[in-house]
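In what follows, chain A forms one complex with chain B and a second complex with chain C.
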Partner chain A sequence: MSTSCGNPTVEKDALMPRRRKFDRTKTCIKCKDNQGNVTIRHAVYCKECFFPMLNQKFKRSLEPTINPIPDGPRKKNLYPPGNLLIAFSGGLGSTVLLDLVHKGYVASRKPREDADAAVRKKDPKNEMVWKEVHVCYVEVCGAFPAMRDRTEDVRRVVESYDGFKFVPLRVEDSFDTKWWESVGGKPDKGELRVDITNEDLILLPSSNATSPLSALHTYLSSLPAPTAIPTTLQTLTRLLLLHTARATSSSHFLFGTCLTSLSVSLVSLVAQGGGFNIKEEVQEDWGGEGGRQAVRIVRPLKDIVMKECAMYAWWRGLEVVGQEVWPDARQGIGGITKDFIVGLEKDYPSTVSTITRTCAKLAPKETPAGICTLCNRPAQGHVQDWKTRISIRSLSPSLASPQQPSLAPYLCYMCHTTLTSKSSKKPSSGSSSAGGEEGNEVPLPLWVGARVRRMEREEMRDKVKEFLLDKEEEEEGYAEPI
Partner chain B sequence: MPRLCALCSTQRPILKRPKTGQQICKDCFFYVFETEVHNTILEAKLFQPGDRVAIGASGGKDSTVLAHVMKTLNDRYDYGLELFLLSIDEGITGYRDDSLETVKQNQKEYNLPLKILSYNEFYGWTMDSIVEEVGRRNNCTFCGVFRRQALDRGAAMLGVDHIVTGHNADDVAETVLMNIMRGDIARLGRCTAICTQGEDTIKRSKPFKYTYEKEIVMYAYFKRLTYFSTECIYSPDAYRGHARSFLKMLEAARPSAIIDIIYSGEACEVGEEATKELKERKTCKRCGYIASNDLCKACTLLEGLERGMGNAGITDRGRKQLEASGPTPDGLRTIPFFQMNASTPTDATSSVTTSGQGSGARISPVVDVSAG
Partner chain C sequence: MSEDQILLKVEFGGGLELLFSNEKKHALTLPARVPADNSTSPAPSEKETKPLDIAYLIHWLRDHRLKERAELFMENDTVRPGILVLINDTDWELEGEGGYEIKDRDEIVFISTLHGG
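Now for the complex of A and B:
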């Protein structure tokens, strides 16, 4: 830098907006009548006004996303093209989400009629918006030795509401062909293993099968850094849920991410090299390739801060049964980020909303080169080229022969980094370590193999396409769920 | 069997590379360190043969190592650059006066021409006197704005095409984080860019953009380079400190975090909608430097100082107060008019001296408006 002081040229105000004085008027800002019960970002609300205010924020972020094509300012009837899936972790946010969805769209509504959405003129208020509402829980206790299975606690909460269908899953299902088939996948030939000791991530055909749980253990224990574990579990959970959404014909898939958690996950995404996916972290449409119905992921609590969720749960007497923090999660990038942001928010209360507002203005610089096979998000290409230019790790050009199939080209930067970036604690094995030994082979989640095979076939077909007589070639066994 | 260097597999490793965690030997460390900078320069096509390039030199570790590496690479790869050292004297007693001694020593070691410009000479104020006037709260804002403009003007005096600064990967990553957390949209895109060039400012770039701070210290240590490592007596900006400690925690958990953040910063840009909000660039009516209002930031800050309203250039409210308190009085000291490359010296090399008062200075020091 131009000085040793650490200050690059400062152009803007170097200070954050300062904490405003606590609002001492104790009457509710809405009804201006009742005594206030809670202060939300400098505004005082009474208990009666708090619920409609929160409900309005919830609907304002959810409803514009429901119709496939937004209606513009004038609100029309809500016609989602499919069912609804709610991701439920048992944590505070998703507990509040479940209650809000039930109150707003399920309770005291008639089952939805099948008439073609376009010709219906009736007031949708009497009918359920989505025909079916599924609530899916992914149990992660298989990843941690001493963790309690909470599936039954969660089931109790979900089943205390009428109109929800409960779908319990386990994170190890990612490696379970039974689950993969249940969501419509064809597992034969799709399974692959990867040699994780090498940056190229050489692919190997699947050897003898292991149980899903031991596959999960092998996968997690092969990760190069403890920080990779929470990130990996998040990705596995997300993909399990997405495939469930498709299998339940859901067009909408809701997460209970509140403003506070959203800003944490945005910063943590940036810290892990996922800046290209900032948009998707807020809202994304998944799996719409090949003319299929896309699943839209929405975070309708994104304008509600954690404190509002806590007040809502408390006043409504909701039971929070989930484990908020995974063991060791604090050492993860997400955990470090959370500690930092929550601490910062105490001194600078506008931090979380500033983060989400800034991120909303950002757009990816390039058009995506493809979809990452692991996290299924849009990805930029040439991750490895960039990395070898920035950090030289070998004096000779890449050792991997181009003939060897490798996973690296099919991954986004963040997933490639999660699988290869070492922690400073684990001793580096260096380039001298022999790859491909037994024990280095790691099973891959089933959707990865299916997609890699499909992409390999496409690339092969691209090379030989001039010589193919049939336009449509039979694709057997590599298919992803339709 | 003793472990061998992860790169050459022949020598004994003597260090663990902060960036990759690999255990490597000294020669390989020098090689990868320098080659990565070379890659950065090539990839961004930073220079043309014959370019006159000023190295922003503060005497600190980053710019000292930068000067060394720029000279090394220029010789090794025949860049064909004419290199200069350009230093800014902020006027901070006990800090800058000492670090400038280091710069002068570097000048002798590398045999590069040196130009020193002082805030006092340009603005009529030193950081010491600014702090006396405005206190310790916004001093870094003044300092940053004044430095940027002084560097550009210094470069124009030297007739250089390009300023390289020692900003390293840690600085860039920290700035990305801070801009996201502060909502500073305008700067987010620019801070990861290797090279920024406004309409009529001089090209600036950061060849150390992907170089870890820890490796810069390591390089200086093994090359036995002398640098000045004392902190500025008026630092730091508390908020920036926060972001730095966060970055250090991330790096401790996973060393690639710094590079990962930069990758994130490079992957996105300010969306079209937000770009419209950004003000278009104008030219300062008083001094000719780029500005987003009628007056550039430096002129606003300077007028505030001169009129005893230090806040004028800091907050919008301060600026309004300044405007409300009447027109600019006569006799106010202002910054000399800036003309980009108006007078490229024909033989700047010989005219530049170490004193900062050399004949190469085509822009006279602070002018007194009332005298005219």
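Now for the complex of A and C:
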């Protein structure tokens, strides 16, 4: 019996003519002994060899990201600087992820001790890698009428494992000051609203408090197109999770995105003008500003296809409680892309990995100008332009909107598009009324206001500094921002 | 077991059972020879026949067990992309896919992978 792992001959296939689903024989390519039970991208595995193969792919993606500084060739002990958060949707990928994490890093391990590194080196295999593991689920049923609340199904799955702490959230928590305070936010200044009839997205102070759920409904119904709803819910969910990661002192945050769904999200990201963030869709570090512990977002199933997840879940007897298919999602860009990728994977099983590899090469060389206040991802542009935009739009008087700060300059291209285009819904009222009537005022997720205020303060500080340094220029009535 | 009947077990997983009255397991008895064109309504006897195979089973399940939304189960005369088929715990891609001839007491599993991440 051979243990050589041997890179299965999956990479260099000729693409278009349909190949047989497996090469040469039906014998397992690992043990070269058993009859195969499954073909994965033209490679045949028996059931026994399938599990170690999958586990190896999982660990190979995850472990190099665990230590703050990547290891060289020599493997060191795993020593993450914080806890672990797992995003759980109830879908196939995150169900498999939960099981792999539990088997690999939680089950039959002792609690992690706070010994110093010298002591830890002795026998780290017996200790949990992360001190605490939280599993967070964001229920989106509040966004759709008559959608079933799955929180209790999900709780049952999560609590069937020992060692996981369950954190249930709801998507409307994005507008809930109680949640915001629970993750360390300060809602003291009140929430912000935005007037969506104007492309500048004029900011207004919040007037009367509404319930988080009705704030969510107002927000979603203000979106210009129904196809913007899935994107928006994804962003809200992602930010709820990220703030939860910070609040649980997690240094690592895992998504159960497999190769197939990663390809779907990369392609739909590009289709929606989010190409600038293609790198972040695979792996990103979030929230490290101001000396805080950054949260590293990792997708350890990124080399595993949907079929492998399905086989793993089936053979391990895992309960997949499922994920609701959102209304409009199948017609949206995401749904169409998904049908395309899944079809491609069936007929040309090795093509899908080419998509993610190609996308990875498309990562922009430009340094990001700033962080989008809504999705918190790097925003495109030059730092100078970004700052100019912000200072001109938000602080300087302009003819169109006297003294009114606007949200537009604080948004990345994709978020701005999601909120504004194509406003055919309200064609005439938009341009003329700068103020915004009651009905056009839309509440913003709480992190947006917090970031806008912080950036305004920083901008103000810069202004003051400039004023002190460049008095002459200021006296001419024109100040060039930095 | 009579020679012209085949006894088989069908199981649905990954949420696919929702299309089949939420029943995961189905015990079936099907004729050993079936119409070559996969038509599953009572056939005139002179029709060309073939041994019972997976392709026929897929059509039979759609016509006689599926309760809703056939397009989520079938596409282009076979199962929809994203649905896996196991024959006695082995990927049908290793067994000839739709052309696999079903034997007495075979266990066929259909699993949907479309429930996302």
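Keep in mind that, in the parts below, the second predicted complex is superposed on the first by the 398 of 482 C-alpha atoms of A that agree within 3 Å, B and C clash if a C-alpha of one lies under 4 Å from a C-alpha of the other, contacts with A are read in each partner's own complex, and residues count from 1 in each chain.
Here is the rule we use: a residue touches a chain if its C-beta (ideal position, glycine included) is under 8 Å from a C-beta of that chain, and two chains touch if they have at least 3 such contacts.
Note that this is a predicted model, so its numbers are computed, not measured.
S.K.: With the two structures laid over each other on chain A, which partner does A:351 touch: chain B (first), chain C (second), both, or neither?
M.R.: First partner only.
S.K.: Please indicate which partner A:322 is in contact with in the superposed arrangement: first for chain B, second for chain C, both, or neither.
M.R.: second
S.K.: Tell me which partner A:227 touches in the superposition: chain B (first), chain C (second), both or neither.
M.R.: So A:227 only meets chain B here.
S.K.: In the overlaid three-chain picture, which partner chain does A:92 touch, first (chain B) or second (chain C), both, or neither?
M.R.: In the superposition, A:92 touches chain C alone.
S.K.: Quick one: name whichever of chain B and chain C touches more residues of chain A.
M.R.: The partner with more contacted residues on chain A is B.
S.K.: Once the shared chain is lined up, is A:195 touching chain B (first), chain C (second), both, or neither of them?
M.R.: The answer is neither, since A:195 touches no partner chain.
S.K.: Give one of first, second, both or neither to describe whether A:261 is in contact with chain B, with chain C, with both, or with none.
M.R.: The answer is second: A:261 touches chain C but not chain B.
S.K.: Please work out whether A:303 is in contact with chain B alone, chain C alone, both, or neither, and reply first, second, both or neither.
M.R.: After superposing on A, A:303 lies clear of both chain B and chain C.
S.K.: Would you please give the residues of chain A that touch chain B in one complex and also touch chain C in the other complex?
M.R.: Common to the two interfaces on chain A: nothing.
S.K.: What part of chain A is in contact with chain B in the complex they form?
M.R.: 1-16, 225-227, 266-267, 269-276, 278, 331-333, 336-337, 340, 344, 348, 351, 354-355, 357-359, 361-366, 380, 386, 389-395, 413-414, 417, 421-424, 428, 430-432
S.K.: Given the complex with chain A, which residues does chain C contribute to the contact?
M.R.: My answer: residues 13-15, 81-82, 84, 86, 89-91, 93-94, 97, 109, 111-117.
S.K.: Applying the document's contact rule, which stretches of chain A touch chain C when the two form their complex?
M.R.: Result: residues 21-22, 26, 35-39, 44, 47, 89, 91-94, 255-258, 260-261, 301, 306-307, 309-311, 313-314, 320, 322-323, 339, 342-343, 345-347 of chain A touch chain C.
S.K.: What part of chain B is in contact with chain A in the complex they form?
M.R.: 4, 6-9, 16, 19-23, 28, 31-32, 35-36, 39-40, 43, 56, 58-63, 88, 90, 99, 137-138, 140-141, 143-145, 147-148, 151, 165-168, 171, 175-177, 179-188, 191, 210, 227-232, 235-237, 239-240, 242, 244, 246, 249-250, 252-257, 259-261, 263-274, 297, 314-315
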